[in-house]
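So that you can tell them apart, the chains are marked A, B, C, D, E and F in the order they are listed, and the count of residues begins at 1 in each.
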Amino acid sequence: MSRGFYVGRFQPFHNGHQAVLERIACTADEIIIGIGSAQISHTVANPFTAGERVLMLTRSLEGLECPFYVIPLEDVQRNALWVAHVRSMAPPFDTVYTGNPLVAQLFTEAGVNVRSPEMHERLTHSGTVIRRRMLDGEPWEHLVPPAVVDVIREIHGVERLRQIARSD
Amino acid sequence: MSRGFYVGRFQPFHNGHQAVLERIACTADEIIIGIGSAQISHTVANPFTAGERVLMLTRSLEGLECPFYVIPLEDVQRNALWVAHVRSMAPPFDTVYTGNPLVAQLFTEAGVNVRSPEMHERLTHSGTVIRRRMLDGEPWEHLVPPAVVDVIREIHGVERLRQIARSD
Amino acid sequence: MSRGFYVGRFQPFHNGHQAVLERIACTADEIIIGIGSAQISHTVANPFTAGERVLMLTRSLEGLECPFYVIPLEDVQRNALWVAHVRSMAPPFDTVYTGNPLVAQLFTEAGVNVRSPEMHERLTHSGTVIRRRMLDGEPWEHLVPPAVVDVIREIHGVERLRQIARSD
Amino acid sequence: MSRGFYVGRFQPFHNGHQAVLERIACTADEIIIGIGSAQISHTVANPFTAGERVLMLTRSLEGLECPFYVIPLEDVQRNALWVAHVRSMAPPFDTVYTGNPLVAQLFTEAGVNVRSPEMHERLTHSGTVIRRRMLDGEPWEHLVPPAVVDVIREIHGVERLRQIARSD
Amino acid sequence: MSRGFYVGRFQPFHNGHQAVLERIACTADEIIIGIGSAQISHTVANPFTAGERVLMLTRSLEGLECPFYVIPLEDVQRNALWVAHVRSMAPPFDTVYTGNPLVAQLFTEAGVNVRSPEMHERLTHSGTVIRRRMLDGEPWEHLVPPAVVDVIREIHGVERLRQIARSD
Amino acid sequence: MSRGFYVGRFQPFHNGHQAVLERIACTADEIIIGIGSAQISHTVANPFTAGERVLMLTRSLEGLECPFYVIPLEDVQRNALWVAHVRSMAPPFDTVYTGNPLVAQLFTEAGVNVRSPEMHERLTHSGTVIRRRMLDGEPWEHLVPPAVVDVIREIHGVERLRQIARSD
């Protein structure tokens, strides 16, 4: 059985992530999705908890055509240990899909096969853009899957982000 | 929506865990299963990695009648922070199912509703008994779901346990 | 008995902090003062140790009209655990006094009552301004209670800050 | 000004600790009391949080004849760093009062003056004995100051200890 | 160039270690010696600091016939990360020499070549025996290289061990 | 015996470091070289692992006229504990050689003798300049000892740095 690994911070999970995962879904038997920096929340760059991000991903991916695992990954603060950390927390995998050069370098040095999926509409869909739109009161809902809009409303996510931003 | 939380170390996941989860499945809309001490592996009491345990649970629970989340939980080494840790890593939940008195006490002090499911054939199915049987060369396969037997074979889990036990 | 909680980094404790605490003192039976980032010292933004800050506060507040506790609080590096951390280190409290939006958000999400005291002459008395004045050789003594001047002299605090600043 | 340092886990604070502190109070201008293993709570050997222990000490020592500081000290897990940790968290001190051989050794290697106060009725008053009496339903209230009885009742401390003990 | 890796706690470095290292020295171009649990000191089982152990090893191995590196290795508390930790702290190596079953298992799972050197007079020379002899006032000096006797005398190691042992 | 201590991050070890160490070598019996931030690697400012830096130093200093120790030092994240950390990881020393104001301040507060060696051609040889040259494809080899050029080639260090830099 072939398993692929894909990692992001998903602050929040958006249409760009969704598009990449749908493309990967055709090429592996199962997909493991790592939620990076799982221990960080309530900051302007990382407003949502790991549990909230688990919810965003699981609901948005209900229609995905292959089975998937969602694994929160706390940071280990040491790049040289990160691959071993991921491997201990996730089921075994043989391919890593990433557009992040550091992630690619670390897995390549560890002898793991790395592929770079083209990122769908990267700029418009980046988490940074979405969080800035939330702060500025501009529309952001069309940039994320409908399930993510629901989760963020339930947890009063936009209000949280705006309150936190006043600290800076 | 009502969500229940259940936590264990699952070293390994066995028929007793499976029976409890099947019973809980009737009483909540969704179940969150926390894998405790996720960061520990390769010890006599905790031979399997979190990723291996994710695999055991997900495959064994394929037929469960309600949706479930499997969340690896690293220890925080401070009982007073553990409930907050769990809540940040898991989707929101309203009920905790546990037979562990410390887990019950911590959630009760935090104001969370706790229920104690009767543990099915607790003694015979305990992880301690299963690991001892693996070490002594006695049959253990009938005490765990078939999918767990498969995972442990694939990762050479019994050989690992025996080798580690020689260190003590 | 009603207890209020107030937290700051106090690098150093200054007249603005003193004014806020005197105002709070009228409204609660006892006050708990948390010294945030207790583990950080010998940096340009955080020159003083927790012990030195305990001394500044305790001596400056000798005339306060209600009993108070001074509690050093090491950072936990995870916003989602911070409220549980504070609660485990401090006696029980029912009200939080803070002008910090993040602190307010975290306690509000935890269901704790939060009040925002007006900060007395905030700009002129901020720790940043005082540390800059120390570095530039401008007068700073009138911005802090006399006991703080004494503590900083005894520990050669201005000399330490200037030496550390040369590292940047 | 001479300051003395005394450290314990205070699980709970008892008459033996009280007697030692009253004797030390005559020999120093100020006393610093460190609450060791501050981060540990909700275990059979360490049932109470640091904040609860702060309350026990502060209330019991109201009549002490010299000013005192109560400082929660989280463990650093490295004996070679512990003296530096204590010194950064506490106001400066010149004498350590301890009956603990490891504490004495660490401060002696660091060049700090160490004195060993005779422990008043050590055996009968030890924390271990008090916790066992709580578990066994035997009287324990006469072994601690009245203020400690009050704190433990308010927090339902005996019930917590008994519940936790069922986990072992 | 072939490099071998050998790890121990060396509490203290003794004739058994010396014999193993002399045998390995013939089979590799360079040897890396890891000092395990480097962060632990001042306990009955681990009385010496990493720096003191560096000194013991370096002086005892002056006559070794191949170049060697001595690397203190702090514990990472996670077996699944330990091999990656060692590899990041040490120069690259291709063979591990160990009699420890856990170390052998971890490196084998990581695909590293493991050899088990016969341990020379293991029982008589074990660190546990030497520390017990120090505590009981029995001769221990003949069980360690002369340079180790010198280091332990300079740091008053036996006195430290006896003082610490009184804490238990 | 007099021992000197010198610390750097050595990202990478360069001719400036080499010149300083050769000058210090004349003034002490033995030299201890601490590799700071040992746990950091694979970042633009810290591309090399501690083990790779151990190799660079050891090979470059083969001709040094006094014996030396190379000790990787993980960060402790608390300035107030750093001197105790260094002392526990290194053999005893009496003099610190440093041009870093913070290092000088911390050792001075701890009562250790500090000397400031003039840094040889500081600007041209700084690690920052060398890493920028590697990124820009400019010559850098003349700024480091020949052994460092060899190590960086063997580990494909320039390629790693360029790949990582694409993440920023």
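Simple rule for what comes next: a contact is a pair of C-beta atoms (placed from the backbone, for glycine too) under 8 Å apart; a residue touches a chain by one contact, two chains touch by 3 or more.
Just so it is clear, the structure is predicted and the values come from calculations on it, not from any experiment.
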Where subunit C and subunit F overlap in contact partners, by chain label: A, D
Classification of the subunit A:subunit F interface as same or different, half of numbers criterion: different
Separation of subunit B from subunit F, taking each centre as the mean of its C-alpha atoms, in whole Å: 46
Whole-Å gap separating subunit D and subunit E, where each centre is the average of the chain's CA atoms: 37
Rounded Å distance between subunit A and subunit E, as computed from the means of their C-alpha atoms: 43
Chain centre separation (subunit E, subunit F; CA means) in Å: 26
Interface hub residues of subunit A, defined as touching at least two other chains: 39, 41, 49, 78, 80, 87-88
Graph class of chain-chain contacts, one of line, ring, star, complete, other: other
Pairs of chains in contact (touch as defined earlier), listed by label: A-B, A-C, A-E, A-F, B-C, B-D, B-E, C-D, C-F, D-E, D-F, E-F
List of subunit A residues in touch with subunit C within their complex: 39-43, 49, 160, 163-167
Residue numbers on subunit A that touch subunit E, as the complex places them: 76, 78, 80-81, 83-85, 87-88
Touch list for subunit C against partner subunit D, complex: 38-39, 41, 49-52, 54-55, 58, 69-72, 74, 87-92
Interface residues, subunit B side, partner subunit D - complex: 77-80, 100-102, 104-106, 109
